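Each in structure tokens, the structures are laid out below.
Both complexes shown next keep chain A, but they swap its partner, so chain B is in the first and chain C is in the second.
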Partner chain A sequence: MRELKKSLIALNILLVFVAVFIALSVGPTKIDGFFQQLMQPGSNEILWQIRFPRVIAAVIVGAAFGVAGLMAQGASNNALAEPSILGTSSGAALGAVIAILFGLAQVGSIAATISGVIGALLATALTLKLASLRGNLSSFALIIVGIALSATLSAIVGLTSAMITQADARSISFWNFGSLALITYENLVGVAATTLIGLGIAWKVAPSLDRLSFGDDTAFHLGINVVKARWLALVALSLLAGGAVSTVGIIGFIGLAAPHIARFIYGPSHRLLVIQSALIGSLIIVFADTLARSIAAPNELSIGLITSLLGAPILIALVSIKNNVWRVQ
Partner chain B sequence: MSILMISGCANSQNFLSKSISQEDVTALSVSGTQNFSVKRVVVLANGVAEIMVALNAKSILVGRDISSNEDSLSDIPIVTSGHQVISEKVIALNPDLVIIDASTGPKAAIEQIRSAKIKVIQTPESWSLEDISPKVLAVGSAIGAPGAAKLLINKLISQGTIKQVSGNPKIAFLYLRGTSTVYLIGGPGSGADSLIKEIGGVDVGAENLPRAFNTLTAESLASLNPDVLLVMTKGLESVGGVQGLIKLPGVAQTEAGKRKAIIDVDDSLLLSFGPRSYSLLTELAKSVEIVMQ
Partner chain C sequence: MITINEITIVRDGRELIYDYSEQIPAGSITVITGPNGCGKSTLLAAIAGDFPPDKGTITIDGIHPILTSAHDLSKIRAVAKQNQLYSLGFSVREVIEMGGKPDEIIRLLGLEHLANRLVTTLSVGEAQRVSIAQAIAQKTPVLILDEPFAAQDNENRGRVVTVLQQLAREGVTVVVVAHSSEQELTWADKVIKQFL
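Let's turn to the complex of A and B:
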């Protein structure tokens, strides 16, 4: 069984490489001598200055959104949680937009990433605080409060971005539906750093999340510092979602779809799920972004629409086949 | 005397970009006191306000749309929000004529104006030099000054040949908005295509794309590879000026981006197709020659 899981991880890594290769080779422009150009970094401008940073960004933010969803579900012990539902994504967008409003950052800059992470952390903490005002954190309260807070923060993002006159402020549609269209190498630095740190924390906290899935009391008796584990997961969630949202906007559904697809295939162990949610998230975003920029070429489609179109049917199909994959058995 | 503004320079590199403002062009007009059939006119059609000024009818202009933002009109109240007509503001000005065109909206607002017993006349839109004469005549007829309109048309027609640029440069018209993540590029019927054609350039958008305005991926823009980018002044400001524009993926890889061959034209001037368009074409041709050097 362990060997099988290792093989599946290897297979998924291979799939991500294949997807990256296909994404680099496909686009509205035909690149003559693609293999030759690929072997010579910097040789072809469209390949190396436009497509390459965009595909790498897709890998990074896919992994970030995928594991952010896993952390959201693990920390709240709620299968429905994801960054967009807990207010994390809209908090990140608001953090970045405020920094841009005050001229402190530009989209994709490290300053915007930091602001996004802070916004994400504050919004998520606020959701959890408000949802547990009347005692224990109930799933119902968490989802309702999260949706309400997300809506409020998104509205503020809309109002704020309408007020911004700074260049590169981006519109509400960018913050709501996401886009990888204008990614440059410079934009990758901040999100790569937050994603790496976020993945590291997620890996570290993963065994505690296994215990937390039995409920706070059981986890406590199993020797878990529940408060610490939950906070670590929230910090990972905020780093991952905050970095990704401040760079490419909110790409919905990956945070929900990637961990659930991973659970269906690999079971509920969080360490495995960290790896697999990252790989599946990357796969979906790389695939979706390739479609977004090539199926209606030379026009560009919204990636958020494609991820929903791709992710939702897969999720529905998986749940209808097998729906008991939530807790450690 | 027309003066082309040099946008600026960074370090030792000279910028080749050019800016064409309202002051750089001259508007043809007719003089003399006119008698008009109407007293209070609200204009909600692109380019009609400047035709009224050229017909010496500014005295009866009481309201305008946001796209009519020439300096000479600054004392006339705006009755639109964005490009949306606010019927209450129009009716409050108590006009006896409202001039619209096919693009004026929302239609419900126009119906509300009509239901307030205000006369509404639709004049034709203009997207090329050929469209200017019928539009001027329609505006002149609407305000009861067809004679002045014919006089203005004769002045426009007698402008003679338009300066041509050499080497058939590839030009692309980009409609920029700093907040957008896709490029909106002019194609056939954008208006910019006819300007580019008049001065002897090749509009790469019109040659290769299907619609008047097309959302474009960065790499498609790079592969169209224009020699010159034509943009509106406020659009250019919204992406952080020339420096911001040439950093954008897609633009950075074009010949125009590499050589900073960017021409920005005042927003109200570029696609107004009216009394200033002939002068604009002369300035545009000069600017293309300079940025292509």
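Let's turn to the complex of A and C:
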């Protein structure tokens, strides 16, 4: 079993490498002598200054959104939870937009990433607080409150971004639908750091999330500090989603789809799911971004459209094959 | 030895348990019975350290559960609650393994044929036995079971009782809540009747 798990992880890593390779080779501009240019870092400007940081960003934010969704679902023990539904993503966007409005940060800067993470954490904590005002955290209240708070925060993002006059502030469609179009190497630093730390915390808290799926009281009986485990997962969620959203905007659906696809294929163990949700998230975003920039080249499509088109049929197919992976109580 | 010392527990403005004291001896099976709503499960949860009583104290071998960390407490007492629900599709073996070593208890409770089944596909009675197995696998000196026989047929009820008796002989303090309709409690060392 352990060998099989290792093989499946190796297979997915290989698939991500293949996807990266295809993504680097495809684009509106044909790169002559692609293999030669690939062997010589810095040789071709389009390959090394435009496509390479963009594809690496796709790998990083794909992993971040995938595991953020896993943390959201694990912490709330709710199959419908994901960063966009818990208010995390719109909180991150608002945090970054406010920092940009007040001239404290630029899009993709480390300062914007930090503001995004703080916004994500505050919004998620607010959703949880409002959803548990009447005692226990109810799944119904969590989703309703999360959707309502997301809508409110997104509206404020829209209003705030309309007030920003800086040329590089990005549009409302960037914050709501996401784009990897203007990524530079400098932009990767902050999101790489938050993603790495977020993945580390997610790995650490994963065994507790396995036990949290039995309910808070049984998790406590098994020795889990439920409040601490939930907070750790929410910090991981906020780092992952906050860093990704402040760099590429909100790419919806991937946070829901990646962990569910991983769970259908590899089972519910959270340690394994941290790895596989990250790899599946990366795979989907790398493919989606490649399609987004090449289907209607030289125009770009919104990446959110493609992630939905890619992820939804896979998810629907898996649910129809196997529906006992998550039993909703 | 579990010592309950003058506890009062208030729920929704009602005194469910008032100024109650009891001693539950080590290495024995103690059954708490009584009608619905009399506070059996509440008393059990208080012993398990789920919440502090409104007045009085509960100690397990001199240790206060509510002052003990979740991790340390899981080495002292294990709990199988009533109506355990499983949302994620772990296998039966994986779930029991989260309590401790699974093989022996799987055999003793006759769960071999279920070991590789997903817990999301189990009947209520099967899920209850998995929950009991997980608690026993923790190998703690105190074992707390809330209505473990509610959904069991006679054969499985007998299996659970046999395992509990064996554990008590080995020195485990077993506390069980059973519905007042439980007729035969001959296997219990002590029966505590709770009244409304």
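One rule holds for everything that comes next: the second predicted complex is superposed on the first by the 326 of 329 C-alpha atoms of A that agree within 3 Å, B and C clash if a C-alpha of one lies under 4 Å from a C-alpha of the other, contacts with A are read in each partner's own complex, and residues count from 1 in each chain.
In this section, a contact is a pair of C-beta atoms (placed from the backbone, for glycine too) under 8 Å apart; a residue touches a chain by one contact, two chains touch by 3 or more.
Here the structure is a predicted model, which is why all the values come from computation and not from measurement.
Residue contacts after overlaying the shared chain place A:Thr29 against chain B, while chain C stays out of touching range. Legend: residue contacts after superposition of the two complexes on their common chain; A:Asn225 is shown touching chain C, with no touch to chain B. Residue contacts after overlaying the shared chain place A:Glu45 against chain B, while chain C stays out of touching range. In the superposed pair of complexes, A:Ser269 makes contact with chain C only, with no contact to chain B.
When the two structures are aligned on the shared chain, A:Pro298 is found in touch with chain B, with no touch to chain C. Here chain A touches chain B in the complex through residues 27-29, 45-46, 49-51, 53-54, 161, 164, 166-171, 174, 179, 181-184, 293, 297-300, going by the rule given at the top.
Listing the residues of chain B that touch chain A in their complex gives 177-182, 209, 214-220, 222-223, 237-241, 244, 247-250, 252-253. Residues 45, 48, 50, 69-71, 73-75, 77-79, 81, 84-90, 94-95, 98-99, 118, 120-121, 131, 134-135, 138 of chain C touch chain A in their complex. Residue ranges of chain A in contact with chain C, taken from their complex: 77, 79, 210-211, 213-215, 217-218, 220-226, 263, 267-269, 324-329.
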